[in-house]
Each structure stands twice: as structure tokens, then as C-alpha cells.
């Protein structure tokens, strides 16, 4: 890659809040959950507001959760008006997660976020495991995922990073990661929730400590096979030991998701422990 | 498919012991663990005896196990001489799991097992997640997996079923399953252990209740998208409820693996509960 | 949020578990939470470290009573209907057992500025948050009437205690084992008239809340309903608790039960869609 | 396997936990297992249902003593060195707690047909299986000498009890807090000569077993070693416990500690490779 996008996290610990697991940020902050955090990834935002799917949306699974939230979000306008300003005023590094129905919509979202002060990165939620039938652009094939990266990259200011979060599909991850890097992604986020089913048969994401060893493998494989592309890890992180294990196999930063539902201070505590190490 | 291979399990409950989790069968039987079971899949057998990998080989993981046994087995000769006869004399339906270094070796193993009385099925362990670098034929690509099926199918007697257990890779499972069906597989086994890492960085399989919701999705997707191909499910089954959930999304039979390490009577109890239903 | 109003995430400890009728009253030492309590808020509890348990979901409980300055430090009291795996474990915990407590969470009951007439309607254990509310309302000079409902006497919460605070207490049970045989729906119209209620506060199953909200509206009263619906996190993080409401601008919207509620104005909730979503 | 010899998988119950020195002696009601016990076998325990716990692996424990006909039914006694998460939970269980027990598992100590001279060598809690062995050997008319070792007095198991059964008991501790200051390696040569042992039975860490096997061979004695190595399942299902041995045919082979052992002839184990695999 030619551009140097700088570090993916702020000056704090390499611990981020994962997309969809930190509310609007305010709720975590009220509990001290953002203290010392390296960044906050918003839940996935779409062009128009979405109501999301039916209940139940999040159910326990052995050592994890299955989720089928269905991308409930206030749309880009609502987000820019009601949520981004607080995050910016809180002084936290913000990555905005987006999904879209077409390459044009992706580009559009990218442009609008790119000129919004306080957006440090855009994270492309390329294949939400719980959004089958939600009318999103199908980016399961590596070359399609790369096209999304290309479409958003084109008009993105240099100061805004572009992270790509592909499908958590161990089989072709290296191939996908290479395509994403060539199309201009500054980092790849591994792993998304795994494809799963809700108890009633709807498609869902599977997340939490249950999937930790798989995330470790994905991060290891991509970091070693595509060494130029920074890997931001996610999947099963509960404490500082989990963060260290992922950094050890090559991640540059680590996101905490499901663990926050169990303990909203999990990310902040992991970050504090890691700082204690230094 | 033109041939009718008959049911994949014996007359008992549609509950099988999964490959690599039932010892030689004798150990389970001593604890009543084979009572009422519909079939027993052996650990994966190779042409020559193998020592397997270093320790640790099986470690706890949140709601599951990571394993890197590395296919320790007595080779086909040792198996036929020392293990198959007991299973046959016990009157249990036997599926022999195999892996090989080449298509020729696969065909050879198939021929020898095909003429061994008491072998009801051959299960192809196409991509053991813990055997990277073990010199096995690389069957990750669907067309390569299909070639293995074709090679074994050719000389297999009509009475012996051929089951294919591909890589647990949700992304391309339907595509893989179609290729396996066309090449002559009588059933597909989903899922194998997921690709993962051992704590010390060796490749491993991830199994147990942790992966249950993912197995549910894989079985559902293949059963609905490739309706002609019977699906034998595995992944996270602990009790009769788990078996029912997998049958409900289209499995014809269900294997129990990791749960046996926690409770060797798990499969027998699930089978008994299911029979109580009828 | 100012530091003395926001919720806390603390290491608590079980002080006592007492069986009263069909419920267990669980008192937990939870420093800081009692001090911040306002009626209608709740806590979420977890019993295990994430590394040990296969079940990561915290569970929500109304705060029934607080004692900011007990001899064991600040405590909160919860009323637990032990049925699920989680609740059965909770009520079996010996004194001193660790339990992680997050709270107080959610928006409390809005309280009137004027000393108006209030009708409090509670069913089963869910009536728990109404008792501290009744006390605060009385302190403000409000007239408090209470309607308590339950399937039977064992599931009836706090009738005696209500009589200490309220001007009038009506009890209905489905089997008639105590009070009048009947339901909230049967008893509401007459009570609303008799108490000349300006505000109805309701806590119970969705059907009861809906009935209370509808009856209040018919009588020209405000209503405040404490909604209990599945809450995967309870802290506003997961969007697993959508509630369909009509916002101030008249537009339909999905909000979070745990953070935008659990107390809602009864006329804002699209009741018929609550279960569907 | 005949029904009265094979292992069982039963719902057990904690009868008592007693702290003795650095160890906890845990007595478990485990119907059927006591009756089938032979010295050198072990049990595996699990404490939780698979649906509740994030940690599925059972843990292995030597059977230290059995009482087939106690007033509480058949019980087994385990000696637990509480350090890991599992063992700390185990020794904290109140009486009556459920615990799933599988056993007796593994091959027991081979016992001589003739009344020969036996030296029993045990280190720390791992000496547990030697005590019931000593009794059976004495019943068969064998001469029993015992060497017990530990880092210190607190970790020394059963010296008093050994004196009741054995003709001679030697104690060595690393810190000299009881017995002679020293190790098994220091004490073995003299003891082997003094006891004129025909068979050495050893239980302890791998280094100790290796030393015992080597010393026995040097003195022309047989040895039986009770190997303790990580056992993911304990029941022979997973192949997670490979032990490198030389089989009867002289060929090197990997066998399972849990099922082909845990007791091995000392001259059959390729000791230098035990840790490596």
C-alpha cells in the first residue's frame, strides 16, 4: 500500500469497542466503559433509517450470543445529527460502520462521513450475518468486497481511514484480504459474527468467547499471509489476556463486542490492564 | 442421484458417535455409551499408522474444545486387524473415517474398506482442521473435494455408503455440497471442527456447544439449497433437544462428538430420550 | 450524566434471601446504587465470570427497596420469581456470595410536581417498583390509591405494606384466595372513578399495562407504565429490546426498553405491536 | 468387560471435604464405583451440566480409599491438591453437592501372585493410590516397605497410615521438616537394597517415576509406575494423553495414558520422551 494511514487507534490502549455492542456510546460512558479506550466503532449505519428485525434479537448461546438485530439504525442523517456530535465532544476516536444497498450508496455514505469532522475511520460491514434479505449489496465474493472498498476509497479524504470487515469465512480469508488491500483498504477487521441461525430459524450472527479460537486462527492466517495489511481483531475478547493473544498473532488492535453485554466495563478494564503492563 | 443408498443410520435412533470422539468404541461401550446408538464413526484412519502431533492435543475452550490430535491412528492394517472386528461383533453400524495423501491412496483405502465385512459407510475427512502440514491431499476447493468422492466412489460396492465431510466453511458450503453430490456422495457430514488455533499457535479444530448455532446454519442452508443430498449433522450436540433442532432444519441424522468427552453417555442418553418421544 | 445520578457497575454481595409467599426477596449489598435509586429503575445482575459460564446474559430486576445506610452498607432489595435457571440459582446463593450489579438503570417513573391523586396498579412481583414510588408520592403530598393483583395470595406482593402508605388498597386475585376475585381489567373502571386519579402508575405484564393505559386515557388521566420485556443486556448496548412508540413529534419509532424506558407514558406505546416486535 | 468390573458413569454426591495438611480429602458417594475399585485406578469428575459451564473438561483423580458399605452408601475418597480453578471449586462444595463421577478407570497396579517383597514409592498427593495397594499386598502376604516424599510436611500424605500397613516407612522431605531431608532419588538405592524389593510401585511426578523405574531396573526388580499426565477426557475417547512406550514386541508405540495406563511397567515407558509428547 502506498498511503500511510497512521495508527488505527488513538493514543490509548489498542482496545476498541466493536460495532453494534456499544449502544450510542453514552450508555457505556455512564458506566465508565469508555475510559482509556482506543476507539469506538458505531453500530452499522445505513443511508435510510431502519427498524431492524423482529424479536428475539439477541439470545444466549453457549459462551456467546446469537444476534439478529437486522441493522436497526437512525440512518445517516439521524446519526450525524444525534449521535456523532456526542462521540466527537467526548473526544473519543470514532469509526463509523456502514452497510449499503449498492456501490453508489456506499460511495455516497463514504463521502458524507468523510467530510464529517471527527470521523477517524469508516468500517465497511460487508456481509452482516444477520441481514440476509435486507436488500444489501452482496459482497460475499472477494472481488465484490473489493469493489465496495474501491467505491468508498475514491472520494475519501486522506485523513480518514478505511477499514473493511468481510464475512467471517475462514476458507477464503487470505484471498479476500488481498483483494481488499489492493482495492485500498487501510485495515481489515476480523472477525464479524459467524453465520448462524436464531432458535426460530432466522439467519443470525454468532459472537462471544465461543468463537475466540476461530478468530485467533483468522487473524493469524491473514496477518502472516498478507503482512502489509493491518488486522484489527474481534471475536471472543473478554479480558487483557485475550487481547494479548490476538496481538501476539499479528493484530494491530482488538475490538471487544459481546463481552460488553455481560460486563459493560470489560473493554475499559482490558485497556487499563494493558496500560499497566507498559 | 440415481442410487438409493438406504438410511444412513441403523434401525435405532438417528444419533451417531462422531469421528475422533469415541475412542475405539470399546471404552464407550464399557460405560453404556453405545446403547441404542444408530452408528459409530471411527476416528480418521490413514493408509499408514500415524503418531499424531505433540501435546497438548485437546484443550478446553469456552463451551468447547480445541483439538490438534494430528490423526494418530494405527493405519488401515492395524484398524482392520485390531478395531473393526470388535465393532462388527458388537453389532453396531460402523462408518470408517478416512483421510489420505493422494487420490490414489483414497481409492485404495476405499477399496479395502469396501470389501471388509461390517463397514456400512466410509466417511471422507476431506479437510481435517488440525492437519495442516500433515501431507494430506488438499481438498479445500470444492472441485478437489469432488475428485476425492469420485475416486473412492468408483470401486465402492453398492452396499457401502459414501459420506463426505468437507471443511466447515459456511461461505461456500452449498457449492461444495452440490459438487460432492454430483461426484456421487450419498450424504454430506456438517460440520467438521472449525479452523482454529491451539494456545501455542498450532492449527486446531474448534468443536463443542460453542459452534452449535453455526452448525445449525450450515445444515439448514445445505438441506434447503441441495435438497437431494442427505445431511448428517454434527456440531455442539449435547442432548436430545439439540438433535431435534438439527433434524428440524433438515438433517437425516446427527453425530455427537465433544459432548462425549464431558459425559460419555451423552449420545446414548439423547438416543434414549428421542426413542421415548416416538 | 452527573456522577451521582448515573448507574454504576459494582461488585455486590448477597446479604439475605427470604422467601415470602411465592417470591424470594433478595437483599444485595451494592455500594452506590441505593444512593442513586429512583422508583422505576432496575438493576442487571450477573453471577459468573465470563470465562466460567456458558450463559453470558445478565438478567434484569426491579429495585423494590433501598437502604442507603444499613449496618452492612448500602443495600437494595429485589423480588424474585424463581422459575428460570438464572433465578433459581440466584435465590439459592448463600449469604456473602458475590454478584455483579449494574444500576440503577433506565428512566424512572415521572413524578408530578403538584400534590395530585395517583392510582398505582401492580400485578405479581412486577408490583415491586410501586412501593418506593408510593412513599415518594406521599412525601410530595399526593393521594395514593393502590390496586394489587395476582393469580393467588402467594403471588400477591406487599398488600400489608401498601396499607401503611396508601389511602386505599384494593386487592384482586384470579382465584379469589384474597381480596376480590377478578382481574385488573375488572377493577380498574370503578377505582379510577372512586380515586379520581390524575395519574395512573402501572407495573405488570404487557396486557395489564395496556389495560391500565387505555383505562387511564378514557378517564382523562395520565399514565406511566413500567414495561417488562426481554432485555439481553439491560444497559442500552445491544438493541435487543425494541419497543414501538409514538414520539413527541407524532412519528412512530422503535426505542429501547432498557434505556429509553422501562417506564413509558402509556399513551406513547403502540401496545398492539409490543409483543409482535 | 464383565458388568461388575467395568467403569460406571454415575450421579455422585459430596459427603465431606476435610483439610489435612496442604490437601483436601474429598469423600464422594458414588454407588457402584467403590465395589469395582482396584488400586491404581482413578475417576474423572465433572461439576456442571454442559449447558451451563464454559469448561467442559472433566478432571482426573486417583482413588485413595473406598468404603463399599458406609452408612451413606458406597463412598470413595480422593486427595485433592487444590490449586486450579476446578480443584478450588471442588473442595469448596458443600455436603450434598452433586458431582458426576466416572470410574474406576484405567489399568490398576499389577499385583504379584507370590508373596514377594514390595517397595512402594509415593510423592505428594500422588501417593494416594499406594495406600489401598499396600493393604492388598499385605493381604497377599507380601512384605511392604514404603518411601514417602514431599516438599514439606504439609504435602506429605499418610505417613501415619503407612506405618500401620508397612513393615518399614521412610520419609523424605525437600526441606527436612519431617523425616530425612532429601529426595526419592537420594533415598532409593539404599532402600532397594535394604528391602530386597522384587517389585517397585511408584506414584508421583514423571521425574520421580523415571528415577524409580531406573533404580528398580538396576536392582533387577520389576516396576509399576502410576503416570499422571494431562488427560482431556480420561475415558479413552480423545487421544489427548499419548504416552510413548515400547510394546511387548519391542516396537515403539504411542498409547493412551488413561486407558492403556495410567499404570505402566516402568521398563516399558520411554521416559525421556514422556514430556516431549
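We call the chains A, B, C and D, going by the order they appear; numbering starts again at 1 in every chain.
What we mean here is this: a contact is a pair of C-beta atoms (placed from the backbone, for glycine too) under 8 Å apart; a residue touches a chain by one contact, two chains touch by 3 or more.
Chain labels with UniProt names: A, B = Nitronate monooxygenase; C, D = Dihydroorotate dehydrogenase electron transfer subunit.
Since this is a predicted model, take the numbers as computed values, not measurements.
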## Note on the structure
Going from chain B (Nitronate monooxygenase) to chain D via touching chains takes a minimum number of steps equal to 1
### Query
Farthest from chain B (Nitronate monooxygenase) in C-alpha centre terms, which chain would that be?
C
### Query
For the chain pairs A-D and A-C, which is connected through the larger number of C-beta pairs in contact?
A-C
### Task
Would you mind pulling out the distance in Å between where the CA atoms of chain A (Nitronate monooxygenase) average out and where those of chain B (Nitronate monooxygenase) do?
34
### Task
Starting from the mean Cα coordinates of chain B (Nitronate monooxygenase) and chain C, work out the distance between those two points in Å.
51
### Message
Where in chain D do residues touch two or more of the other chains?
### Response
50-51, 53-55
### Task
Give me the residues of chain A (Nitronate monooxygenase) that touch two or more other chains.
62-64, 208-209
### Query
Connecting every touching chain pair, does the picture come out as line, ring, star, complete or other?
complete
### Message
Under the stated contact criterion, what part of chain D meets chain C in this complex?
### Response
50-55, 85
### Task
Can you check the complex and tell me which residues of chain D touch chain B (Nitronate monooxygenase)?
1, 6-9, 46, 50-51, 53-58, 100, 102, 230, 232-233, 235-240, 242, 254, 259, 276-277
### Task
Spell out the part of chain A (Nitronate monooxygenase) that touches chain B (Nitronate monooxygenase) in their complex, as residue ranges.
61-64, 66, 140, 167, 169-172, 194-197, 199, 201, 203-204, 206, 208-214, 216-218, 220, 236, 245, 249
### Query
Tell me, which parts of chain D touch chain A (Nitronate monooxygenase) in their complex?
51, 54
### chain D partner contacts - residues on chain B (Nitronate monooxygenase) that touch it in the complex
20-24, 26-33, 43, 51-52, 54-60, 62-65, 67, 69, 72, 208-209, 238-239, 258-266
